Structure formats: structure tokens, C-alpha cells
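Here's the structure we're looking at; comments come further down.
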Amino acid sequence: MSSERWHITLAVARYKQGADPHIQIFELEVDPDEYVLDAVERVWAFHDRGLVFRHACHHSTCGACGMRVNGQEKLTCITPIRAVCQKDGTLKIEPLRNFPVVSDLSVDMTSLYTRTESAAGAQVLNLKHSSLPFEKNLFPDDGLEHERLSDCIECGMCVSACPAALTDAAYAGPAALAAAHQTVVQKGLSALPAWVDSAEGVWRCHSGFECSAVCPSNVDPAWRIMELRRLVILNRVRCLFGLNKD
Amino acid sequence: MKTPENSWLWLYKIVAGLLIVALLGIHFVVNHAVAPEGLLSYADVANYYQVPGIALMEIAFLVFVVSHALVGLRSILLDLNPSPAILRTANTVLLLVGAFAIVYGVWLVFVIQSRG
Amino acid sequence: MPDKPSAIVVGAGFTGCALAYDLSQRGFAVTVLERGEIASGTSGRTHGLLHSGGRYCVNDRESAVECIQENLILRRIASQCIEYNGGFFVALNDEDLAYAPRFVEGAQACGIPVEQLSIAQALRLEPNLNSQVKAVYTVPDGAFDPLRLALAFAASARWLGAGFRPYHQVEQLLIDGHGNCAGVQVWDRSADKRCDLRADLVLNATGAWAGSILKGTRAEVVVTPTPGVMVAYDKRLINRAINRLIEPGDGDILIPQRRMVVIGTTSYETEDVDYIPVEADQVAQMYRDACALVPAVAQTRMRGAYMSARPLVGKGQAGRSLARTFKCFDHQESDGIAGLITITGGKATTCRAMAEAAADLACKKMGIQAACATAETPLRSYRDYYRAPGGAQ
Amino acid sequence: MRNHPSPSRFPLWFDPRSRHPGTWAFILNRITALGLTLYLFLHLYMLSKLSQGPEAYDTFIALAKTPVIMVGELLVIAAGLIHGFNGIRIALTSFGIGTRRQTELFWLMMVLAGLGTLFFGYVMFFKD
């Protein structure tokens, strides 16, 4: 979206079912103000129609285009090339970690969808419940009931960045735990899914805060996990002393 | 279903960790007061254990450190997504190791104290 | 019991997904082929406005009626991915004001509930709205999540047995000895393998690509791919969709979506739909148009700029003059190719109705009596697409 | 293609590349945890010399006063300080205290651990 032109090198992770994974190099002329996803799409359009990648909305509302750019999880549709690359530089594009690769840059996120569903994570929320409590005056408020699409776009980047998810396939992961917290905010502690308070749930987290660092959508999963811990422990203690009204 | 690392176990790990930090602090203060030159010989150690309350403090420290370490090891093991059989075995081994370490430590404290 | 008639749906945009759902419900064995993933073409990149029909009620009443009818249906069956807060039509100058009577009359004729608000009332409801507005009307607009809307239809289809094959690109239609369509030749891009798939019916639901997929056959469908640029800004400044009270034009709709506002759109024509760059001057134009509606956009960071190619049926001088309604082609009638149907045109808001029309035709061809039932029951959770029996595809 | 969670990928826990301070803290915590646990059992074994009487113990201590062992001791102290201070950070953030300032908290804790290590290093090597 500028007249500037950069020459960059794209090192793209390639994988086809039954073949060996490898890195393929593409040389591109790009506008540095375009987004990384545009560069990837350009590779598909002009260099290799076999390139497989996932994308849909191109403006950060759908979460389909999460990839690792130079090792770091990025929502590629809103990551300007300028922000992650130098002129004449190289961009390494890899699929998200901690999910099986379907092909090239596309991963199978069934586990994430299954878990957020079992956390009863709603996509449409009441405006009042839809923000983090420490955010102030974010949206115009006319006193009426409004709804909005939730912050979590289920892009899977938090799971990709989580060190605990590297080795433990059973760990629910930050996205599902954040969804569970959102559910509790909306419906109360009685709506807490049972798996949250288990080894695969909120106690598997090792406070790396990587999920919140890479989240493109303001969900702050780490903060939500810590809140869940506090709520669960408080609830346990209350039960112990018979103070619980639930 | 795995044996859960449930809320209590996690809370214990955190609380024990904080108690260890607190006991270490007290330990240094007491140590400095009782033996400013440090516990560098057998005699120093033996004298140190004659101070009332020291044995109790050291035993508490031992219990918290051993249990915190073993619960921590178990949670690293849980990160590796062990099968229920492996986890059961690990639970038993960790319990035995912990029990042995504590019994042995307590025995050692009484041995030193009795020789003071 | 005889085998189910088989159908191949080409394209997993809104139309293809809704069509797969409708056909599965009516007793077809459906396979959906998509060269990308769900909604990776025009559908995914749509603006996201659940139209009340107000945009079209003066010049294109057929589309307007379709919109308000489908708006009400989608709110019933797909509330899981729609933020429904209504919308405004706002007049910014005297020219806009002059359009108002025609707008009100058109809306009433199309059955779109409109109501005029006082300026003070409108500014109380939407404090970030341009305070210089001269007239404000409410309409039942909404905003939807494009991927999740498509996924919800796809999920419902999969749970009725439809098979989805993403990353499968149709390379050509298979024409048998009688000149009829027998299936498709397909390239599985994820395994780099090619194969032929046969079916009783092939339904071309490729939208802006509907013409190019028919290349190599006698059949022809004239679609004018008409891209438009949209720009997203990093703050939710409004809760309702804000439409400019003018004839359909550029940069006349600003919608809230999640934490953003999205302005759209421009309109130009193109030949190559596979890669359309976003031009800087169009982004600048969208910025000016957004600021005219909601001045606070000027203090908001741009989050993303993108474009989407509308599939307009026919050929016109300017895209805006083409109707936004959809068209279903029976290639047996038009070109003498049995077993092939094309459905294209239309809008996201009307995708279910498009699927209904195409499925009606498919049923007629296969002698199936079942009536369309997609308007009645809510769709499955979009996440069920990935949790369907048989797992990921 | 091996991209999904698997126990065999545990070395990646310790890969600090393209990670943020929170994960550096996790890496340090895990390394020090394993180191300190090893030390704990070595230490318990070492103390068994106490039960064998004064001579055994004093000979052993004399042996332990070599510079190499003392550097090792300082490492144990540093590990203890890092693990302890970071543990305080985890406890605080887990109960909602400073959760949103965890990066700053991490640096604060590491500065405290560093100062503590310097203090003990000074006492052990230079103060007599």
C-alpha cells in the first residue's frame, strides 16, 4: 500500500502427506506495507499453486492464518512485512506448533475446537461481559443490551507458543482454559467444566505467559488461567469450611 | 483417568515453596546469631543442634524441601503425558523416596542431637 | 432402499457450504471439493454486514427483499456467529437528505422496518457518530463472523454425512460420451495427487470463479468479478452498523466487529481473481469515508486492509449497476450438458436462499420430493465441523 | 510430520529462541529445579558423614573447602535464589497479584537473585 518495493526471500516449510518435510525458497518483490499473508498468497498465485495454507477473513476476525514467522507466532493477515523483515531480508514461514500438520503451512486444530466447545466458549457475548475487567471505557455504552463477537478467534497461536503443550497432548491448553474462564464470567462458577481442575487443566500451566505474549486478539489467556486458579482454590477453601452457597 | 494433580497438591507445592523461602530466611538469621563463623566442623554442628527449637526447624525444612522437590518432579513427569501405569509406578516410587529421605533426615537429626 | 443420488459441490464458500447442508438434508450423498479451506475465497473476506436490505431497497428491490427475509432466518438459525445490534442509515448532507423519502418508501415496500430517530437520540445511542448528521433511520442490520458462518453450515452438512475435501482443486469437468457432466478431475494439493471423482450431479458454487471452472465445456456463465477494498480499525467505536443514506456507492458502510470497526467498500472490475493487490489510494479513500461517518476513526490505528471479489452475474459498465441478486443455471437447458448446475451471484446474507434454489433444482432433476428445511432448525455449532464423525478431513 | 505434542520434544522446553521473558523464567525455573533436586539428595548423602563421627565429617569438610567445590556451592546458592525468587513471582501471579506486570516482576526477581548471589560470593570468597 505504498509505492516502495522490497526484494525479500521467503523460506517456506513444505510438507506433503507421505513425503519428507523441507524448506523451499521463494524470491519475491513485495510492498513492505502489505501483510505477510499477502506474500504467502503471492507465492501461491505466482510461484507454486501447490502451496497449502489456511486463510479466510484477512482482517483478524477469523483466526485462520496463524503461522510462525521467523519462529514467532503471528496472525499473518495483520502482520505488515515491514514489522518482521528488513529490506533484502528473509522471512521464514512455518506452520503452528503443537498441532498435526495437514500440509505445508496448514495444521489440524480439531483438538482446539473440541476443547473450546467442551468449555462452552461462546462466540457471541453480552458487551458487558466481553472485555477484561481492567480495561476501562472501551466501547460506547448507551445502556442497552448489546452483543458482540468474542475476542478469542481460536487461531491456535497460544497453543503453538505454550511450552507445556510441546510435550503434553492431553493438556487443555490456553485457548480452552481462557474459554472456560469466559464461561465462568458469564454464567458463574457452577458452569466451570470439570476438567479445568485437573492435571490436564489449569494446574498444567507453568506460568510461561507465552500465550498472552502472542495472542493477537486481547484475550490474555495467561491472566484468565491465573484467575481460574484463584477462583478454583477459593471455591475449594470455601467448600472445606462449609461457606459455599452453591 | 489419571491421578489428578489436583488443586490441593498444586496449592501445597506453592505453599511449601513459600515456607521454604521463609524457613531459609529464618535459618540464615538463626545461623548467624548462633554460629557467626559458620558450621564448619562436626563440633559446630553438634553445638548448633543443642539450641532449643533448631531440630524442629530443620526437620520442618527437610519435610517441605523433600516434598516440594518430589511434587515438582512429578509435575515435570506429568508434562511428559505419562501412561496411567507409569504414573502409578512413579507415584509409588516418589512416595517411597520421600518417606525414606524424611525418616533418614529425622534419624540423622536425632543422632546429632544425642551426641551434642 | 436405492442408493442415495450423489452430488459434488465445487467450492466451500457460503453458498457451497449451505448447499451441501441443504442437499444432505434432502437425501443426497454430498462431497464438497474446495481448492483452499472453508471460506478462503470471497466468502471469508466479506465485509461482514448482515444486510437488512436497506442498502438495496431503492435500486434493487429483489435483492432487498431477499436480504430482509434471509436476515430474519439467519438470526434464527445462525445466532452463534452474528452480533445483532441493528444499524443506522445516516444523512450527512442535503443530497443525502433528498434521498431519504425514496429510501423510506423503498424500505416499506420491501418490508424492512425503518424508524426515524432524532439527532439527539441517535448521538446518545452512538456517541462517536458524526455530530453533523442531518437525519438518522434505524434498520435491523447485524454483523457476522464470515468463517464461522460458513463453518456452521459445513458442520451441519458434515453431521448429515456430507464429505468435505479441502485443498482439492477441480482441474476440469469430466464430460461423458453424451456430452453430459459425469464428474470432475481433481488435484489434491495436500498430498499432490490427482484423481477423478464421479457423481450424478456436479454443482458449481465457485462464485467469482464460476465462469473459469466451466472453461473447456460448452457451458458459459458470465460473472463479473468485482473486487472491493475494506479497511479494519483497531477500536470498536460503534455498536450498530452505520450506513450512509445514499445510493449504493463506495465507503458507505461502517460495521462493528469484535473489537474493531470495518469500513467498506470500493468497486472495480478485474480479470484475474486469484490475486488482487490492495491499492494505497483505495485504502486512503476508505479512511476518508470512515472518518466522514465516525470522525474518531482518525484517532484509531489501522489494523488491516483487504479486498474481496464479489461475483456479479452479467456484464455491466460499473459493478454498482449490476443487481446483487443471485442466479441458478441449469446447464442442461442452457447448454445441453446434463448433470451440471451453476449457482452464483448473491451475497453472504442470502447464501441460504441461494442454496435452497440450487437444491430445489437438483431435487427436480433427480426426482426427489423433499422440501427445503434449512430455514427451520438452528445450525450446529461451527466447531462441530472439526468434531464431526470421522474427525478432521 | 512430527509437529504434535510428544514427550520426545522435551528438549524444546529449554530452547529460549523467539520466547518471551515469561518462558525464560520457566526455563530457569525448570533447570534450577532439576539442579536443586539433585543437590538435595547429594547433600543428604553428604550429611550421612555426620553419623560416622567427627573425624569422617571434618575430613570431608576439609575436602569440600577447595575452590572448585566452593564455586559449585555458589552455583547452588544462585540456583536457590533464582528458583526461590521466581517461585515468589509464580505464587503472586497465580493469585492475581501482579499478573499483568509479570515481565517487570521477573526482572525484579532476577535482579534480587543476582544481588543475592553477589553477596554470597563476596562472603564466601573475599570476606575473611
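Each chain gets a letter, A, B, C and D, in the order it is written, and its residues are counted from 1.
Going forward, contacts are C-beta pairs under 8 Å (C-beta built on N, C-alpha and C of every residue); 3 or more make two chains touch, one makes a residue touch a chain.
Nothing here was measured: the structure is a model prediction, and the numbers come from that model.
Asker: Enumerate, in label order, the chains that touch chain A and chain C alike.
Answerer: Expected: no chain.
Asker: Round to the nearest whole Å and give the separation of the Cα centres of chain A and chain B.
Answerer: It comes to 40 Å between the two C-alpha centres.
Asker: Could you put a whole-Å number on the gap between the CA centroids of chain B and chain D?
Answerer: 16
Asker: Rounded to a whole Å, what is the gap between the Cα centroids of chain C and chain D?
Answerer: Distance between chain centres, rounded to whole Å: 58 Å.
Asker: Rounded to the nearest whole Å, what is the centre-to-centre distance of chain A and chain D, using the mean of the C-alpha atoms as each centre?
Answerer: Averaging C-alpha atoms per chain gives centres 32 Å apart.
Asker: What parts of chain B, by residue number, touch at least two of the other chains?
Answerer: Where chain B meets two or more other chains at a single residue, that happens at 79-81.
Asker: Among the residues of chain D, which ones contact at least 2 other chains?
Answerer: If we look for residues of chain D contacting two or more partner chains, we find 5, 7, 10, 13, 30, 90, 94.
Asker: Which residues belonging to chain C are in contact with no fewer than two other chains?
Answerer: Correct list: empty.
Asker: So which chains end up touching which?
Answerer: Result for touching pairs of chains: A-B, A-C, A-D, B-D.
Asker: Going by the contact rule at the top, pick out the chain D residues touching chain A in the complex.
Answerer: 1, 3-7, 9-10, 12-13, 17-23, 25-26, 29-30, 89-90, 93-96, 99-100, 102-103
Asker: Name, in rising order, each residue of chain B that touches chain A in their complex.
Answerer: 2-11, 75, 78-81
Asker: Which stretch or stretches of chain A touch chain D in the complex?
Answerer: Chain A reaches chain D through residues 15, 21, 70-72, 95, 97-101, 107, 134, 163, 165-169, 171, 206-210, 212-213, 220, 222-223, 226-227, 229-230, 233.
Asker: Going by the contact rule set out above, which residues of chain D touch chain B in the complex?
Answerer: Its residues touching chain B are 5, 7, 10, 13, 30, 33-34, 36-37, 40-41, 44, 47-48, 50-51, 53-54, 57-58, 61, 80, 84, 87-88, 90-91, 94.
Asker: Which of the residues in chain C come into contact with chain A in the complex?
Answerer: Residue positions touching the partner: 36-40, 43-45, 48, 79-85, 124-128, 143, 145-148, 150, 167, 169, 189-192, 230, 232, 235-239, 256-260, 262, 274-275, 277-280, 283, 303-306, 381-387, 391-392.
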